[in-house]
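In this document, chain identifiers A, B, C, D and E correspond to the written order of the chains, with residue numbering beginning at 1 in each.
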Amino acid sequence: MLSVEGLNTYYGDSHILRGVDVQLPAATSVGLLGRNGMGKTTLIRSLMGYVRPASGRVQAEGRDVTGWTPEKMARLGIGYVPEGRGIFPNLSVRENLVMSARPGPDGQRAWTFERVMSTFPRLAERLSHGGQQLSGGEQQMLSIGRALMTNPRLLILDEATEGLAPLVVAEIWRVIGEIRATGISTLIVDRDWRKVLGHTDQAVVMEKGLIVLKGQSSALLAEPAQVSELLGV
Amino acid sequence: MKRLSTFLPLACAILLAVAGPELSPYASDFVVKVMILSIFALSLELLVGMTGLVSLGHAAFYGIGAYTTVLASGNEGGSIATLLPLAMLCAGGYALVVGALSLRTRGVYFIMVTLAFAQMAFFVFHDTDFGGGSDGIYLYIRPVLGALDMENRLTTFYVVLASLVFTYALLALIGRSRFGAALAGIRVNEQRMKAAGFPVYGYKLAAFVIAGALAGLAGFLLASRDGVVNPELLSWHNSGDVLLMIILGGLGHLRGAVIGAVVFTVLKEVLSTQAFVGPLADHWQLTLGIAIIAFVALLPKGLIGLAQRISPRATA
Amino acid sequence: MDLATFLVQCLNAVQYGLLLFLVASGLTLIFGIMGVINLAHGSFYMIGAYLAFSLAPLFGDRFIVMLLAGLVLTALLGYVLEWAFFSYLYQRDHLQQVLMTYGLILVFEELRSILVGNDVHGVPLPPWLSGSFALGDLMSYPWYRIFASVACIVVAIGLYYVVNRTRLGMMIRAGASNRDMVRGLGIDIRRLYRIVFAAGVALAALAGMIAAPMSSVYPNMGASVLIICFVVVVIGGIGSITGALLAALLVGFVDTFGKVFFAELSGVGIYVLMAIILIWRPEGIMGKKA
Amino acid sequence: QQPALKVGLMLPYSGTYSALGVAIENGFKLRVQELGGKLGGRDIEYVKVDDESDPAKATDNVNKLIKRDNVDVIIGTVHSGVAMAMAKAAKESGTVLIIPNAGADAVTGPMCAQNIFRSSFSNWQPAYAMGMVAAKEGKKTAMTITWKYAAGDESVAGFKEGFEKGGGKVVKNLTVPFPNVEFQALLTEIAAAKPDAVYSFFAGGGAVKFVKDYAAAGLNKNIPLYGPGFLTDGTLQAQGDSAQGMLTTLHYADGLNTPRDNAFRTAYATQYKLQPDVYAVQGYDAAQMLATGMTAVKGDIGKKAEFAGAIEKAKIDSPRGAFTVSKAHNPVQDFYLRKVDGMENKVVGVAVKGLADPARGCRM
Amino acid sequence: MNALLSVSTLTRRFGGLVAVSDVTLDLHRGEVHAVIGTNGAGKSTLINMLSGEIAASAGQIKLDGRDITRRSQAMRARSGVGRSYQRTTIFPEFTVHENCRLAAQAATPRPWAIWQNAGACSASNAAAGEALAAAGLADVAHRVAGTLSHGAKRQLEVAMCLATKPRVLLLDEPLAGMGAEETDRMLALLEKLKAEHAILLVEHDMDAVFRIADRITVMVNGAVIASGDPASIRENAQVRTAYLGEDH
């Protein structure tokens, strides 16, 4: 559903992405791996339209969407869970969710407030808390719940399990599995690379702004030497 | 390039010192006014640019400095040696009280509490006869110190210039000292400063008092030059104007404060003078307003950003 | 002071407080909720008042229609202003907005002088609102003041509802804290803010239009309301409409009784109030801790 | 041929009083024009400075005229606080200053000087006259209400002096912080205290609002509202019905119907397509005073003593009626009692003839 | 052995919510004391109380036997309590080195000495340099902190805590956001530090916790449900159902 070609992105003078090509086919989940500072977040921000790539093309279902604003990209059906969560501190938990509720681009409303509540029961207990007053993990859940409320076709999770308790992490992976099963594409960045490979169809590994490895997740998981070397483990 | 940032202000100061006697009475008067405003702006820069405390009540300290000078002179006049420290002390003293209370708040609330205390001082001078009421009060004899007599135009010029150099140097020193580094840290991330072990409140209060005292210095100079003070000196318009100057100049740089004071004053002077702009002078509000809007639109970092854009390496 | 006078003074205080809220309501939206420091608020108030002065002859006694027409015009003005002057300021330091709005004040004030002149003008009361009712043996109370109070209550309720109960309100508040994230959720924050800004301008102008027949229109009339509006919004706690309403009423009482009991120094009354409240509660009456 | 006489006009061209500034300038220029564009044989060159009615900037603004433009004469201004700073600067530099409005008592009191003149009034004057009228009307008690600022205090003090001399008693002074225009609380106080009369001092938008509120509260039916003429001058259109029938005192009025005034009004109206008001008269008379002095010194304005002496001796043929100038350089003039009738402040009589300011504190 | 920091019956309420209730624990030199627990269990709140960021509703905190419950945050920091934040709390406009130097400066404040150049303060520079080297940031020392990647910012967060030379380290999820390599480095660092320091480690990375912790306290909904050595915690049924799940 989304693909990028030859993406080059700069922050000021520093050349961060150096000609990245990635395909995110519909109903497929892709893992994005790489050590700290290799450009994963930058890639995501480039294709969401937060930073304007210096060159390269972003395409959505064959349409050229290079240079589109984040809101237009989101309306194509991309749900975004950013690194660092991006909770609205001045809104209550309920409001954080309600404000983002929106039917998907195809009009379906699979994810409702109730469904998010049953996925993250913890949030149900904190509905009237301000975003600021949540624990770190609660914020993470809220951020995912909020992205789901937009009923996306592609969900981008940038370190979505950071700071979550093991049980919740397991729960999130279960939810990711569930989301995947419903035909939503996912792009997952996570430091637990085994989990990533276990929950995705394909994976790419980035190093210094380049895609250095691409493959079927299952194959990479079976032969982890190459991956683990690139990740420095 | 660090050298440029010390060299340039120094060169300007020397230039002024040499040019002083050559200036016409009006030009000298104008330069003195701009220098006083620069001191005032610098004192606020310590708060806003260096510490991140936006105050909308800074004119109170300026006004208190000026009123102290006049009230303490009485009918016999007084000595610079007593009046100047006294003006700074009174302004700093009020700043201590205001700071101690208002530093409990932050952000816009801080802006408003400082405004509140300034307005209180304003109304004390405006609504009571203590300082001559709303029409103000005269300074009959200007301060003297031995041969230095502020009645003399050139003396005033050099006293003000020396004060400006002193203020600038003091703040430049503070800026690079550990005190200044801590203030900068407080501006950027107060939470982390506390966690690291800085008594943040004390630091902020110290900055507030120093800024107040320096504003008092500017007030002393103003009263000595004008020979008349008025409650409007303490009004929020005046606090707002000086804040505008440092924003216009570019926050975070001492030069910015001075540039802002100079440009704001000169711009207004030029735009409201028929000799320069002809009949447009009658509409100086319009032209000044448009100029300000243009500055904001085109210069996100203030005027100092303009210099940086022209020669990106010229700033350290 | 006897009981009857006391009650009348309370009525005055409430009525003045409500009026203050009306004037501050636009600022509550633009500054309190959007987070844009808007010094030009007083100018929008002035524009409203002068608009009432210019429109009154055209609309005659159809006062409400005139208010609506004025609302539409000023909302348009706000929309354009946001587009031209504010849309690129959100990413910058907040203080840049201060400078920008200051420039706008000067421009508006001079344009007013060029277009309408510098005289004091009155705006006629609509006949159906020009009566008054007796209050005590000497005094009477104009119906128009009651009308203004009602208008204020309507605005207060409407504003509260929109900001706190609708998704639109939530989006606005979200935008104040994290614009980028709002965009990532597919919301066109730029258009949204343009609309909110327009609404804020329209509210300020509405206050000006409603105030015009009571007072009059004159140069610099905007400057005097500016500070008091900020006081109201800040005492109430930024972002809280209920807080602003409470604060406005509080200021109304302090001002009214200050004039009666401490005439000599009543000017400081609201500032003392503000200092005390903010030192006691550093985030305002209804504000949330940051 | 002497060089042109530089006249500095330091008046409010922006802000609340800008209309007044323009009227004064118009009046001044009209007179100069009538005199053939020359004073004491010298051409006139104008330099304008907007004083913004801001006393904090007053010293700088007046110094622009004195030091930058080297003017020979300064005409200004409306705001008393600004005028005080101007007087200080004029006294120090010796530049001739003619004040065409600001009523601060001090300017022709403690601050009086050989080169400082006023073509208008002192705050004390119309107030004192009104106090005498109120007493004569048989009022026993009065309350005063004004903004809490120097001009208000002086005006109220003048009224009290006149009223109590006539046997009345001022029972209470009410004040409103400047420039607050919310009067309802104090109107309630007035209604509760029921004095025989109320004297008020406001200007511009405040005057309009006060008069309107006073009428809207129904107080004007039982307690007459008095004030100096500024309460209703130039504001009648805005005040509408609420000012009808009000009595005020001032050194000028509508319907004087003297040949001098009629000539002035016609000339002004043809020239500027505007009706003149008291401010225009004050500007006009400032030019007359200047002309008197200039003629006496034959254009050499450096002759301070002769210049001042000529004005002190002169009888200024003003549209308001001829007046003389006191030792302290304030007009000694008649104060009219005026009644609002339609859109006019109609003269109903002379409240006090040839009233001079006591000039307390002037040592000249 | 005497506890360096000892906490008894510490409680914190937010309105009706009891975020931390009756927590008692000791931190010793030479020991990494891990506090784990569900999201919202009150771990960060606990650290906030220990470091003085927020006041305790009840209970007592002792440092070296001295009661510090009422001391200000700054005083605690100067007497040796250092902390890192779960949510990155750095000076984004300053360089990485300046970040640490500023933190180190707290030890030698001398604010009145305005003639001395802060940048030339050798003690602070040395402390900053050490901290950066320890955290593995030496080669980005001159980058502006705000432009670091998320993982590097997390490293800086810990480095700033180290730069103040604390005796007690309160680390709130220091490993979150770090890659495998950095995690290893950080664990090695903690291993080294613990000889001289008392360390409280809040972390959700169970592999790391079990690798390094000498003692583990488990919190759920504000209360301690278990405390003991890693082996016993791993076996604790209550902990498994409430927090660990079956993976660990």
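In this section, a contact is a pair of C-beta atoms (placed from the backbone, for glycine too) under 8 Å apart; a residue touches a chain by one contact, two chains touch by 3 or more.
All values reported here derive from a predicted model rather than from experimental measurement.
The chains touching chain A as well as chain C do not exist; no chain touches both. Counting C-beta pairs in contact across C-D and across A-E shows that the higher total falls to C-D.
Set against the C-alpha centre of chain C, every other chain centre is closer than that of E. Work out the mean CA point of chain B and of chain C, and you get 32 Å between them. Our note on geometry: chain C versus chain E, Cα centroid distance of 48 Å, whole angstroms. Measuring from the averaged C-alpha position of chain B to that of chain E gives a distance of 43 Å.
Each chain gets one centre point, the mean of its Cα atoms, and the points for chain A and chain B are 50 Å apart. Multi-chain contact residues of chain A (touching two or more other chains): none found. Shown for chain D are the residues in touch with two or more other chains, namely 14, 148, 177-178.
Multi-chain contact residues of chain B (touching two or more other chains) are listed as 123, 126-127, 285. The list of touching chain pairs reads A-C, A-E, B-C, B-D, B-E, C-D.
By the touch criterion stated above, chain B contacts chain C in their complex at residues 48, 54, 101-102, 104-109, 112-113, 115-117, 119-120, 123-124, 126-128, 236, 240, 243-244, 247-248, 251, 283, 285-286, 288-293, 295-297, 300.
Per the touch definition, chain D reaches chain B in the complex via residues 13-14, 47-50, 54-56, 58-60, 63-64, 67-68, 80-81, 84-85, 88, 92, 104, 106, 148-151, 153, 177-178.
Residues of chain C touching chain D in their complex: 1-2, 5, 8-9, 12-13, 15-16, 109-110, 113, 117-122, 124, 132, 134, 136, 138-142, 144, 214-221, 224, 255-257, 259-260, 263-264, 266-267. Residue ranges of chain E in contact with chain B, taken from their complex: 51, 53, 72-78, 82-83, 85, 89-94, 101-103, 105-119, 121, 160, 163-164.
Note for the complex: chain D touches chain C at residues 14-16, 18-19, 22, 148, 173-182, 184-189, 191-192, 194, 204-205, 207-209, 212-213, 216-219, 222-223, 234-235, 237-240.
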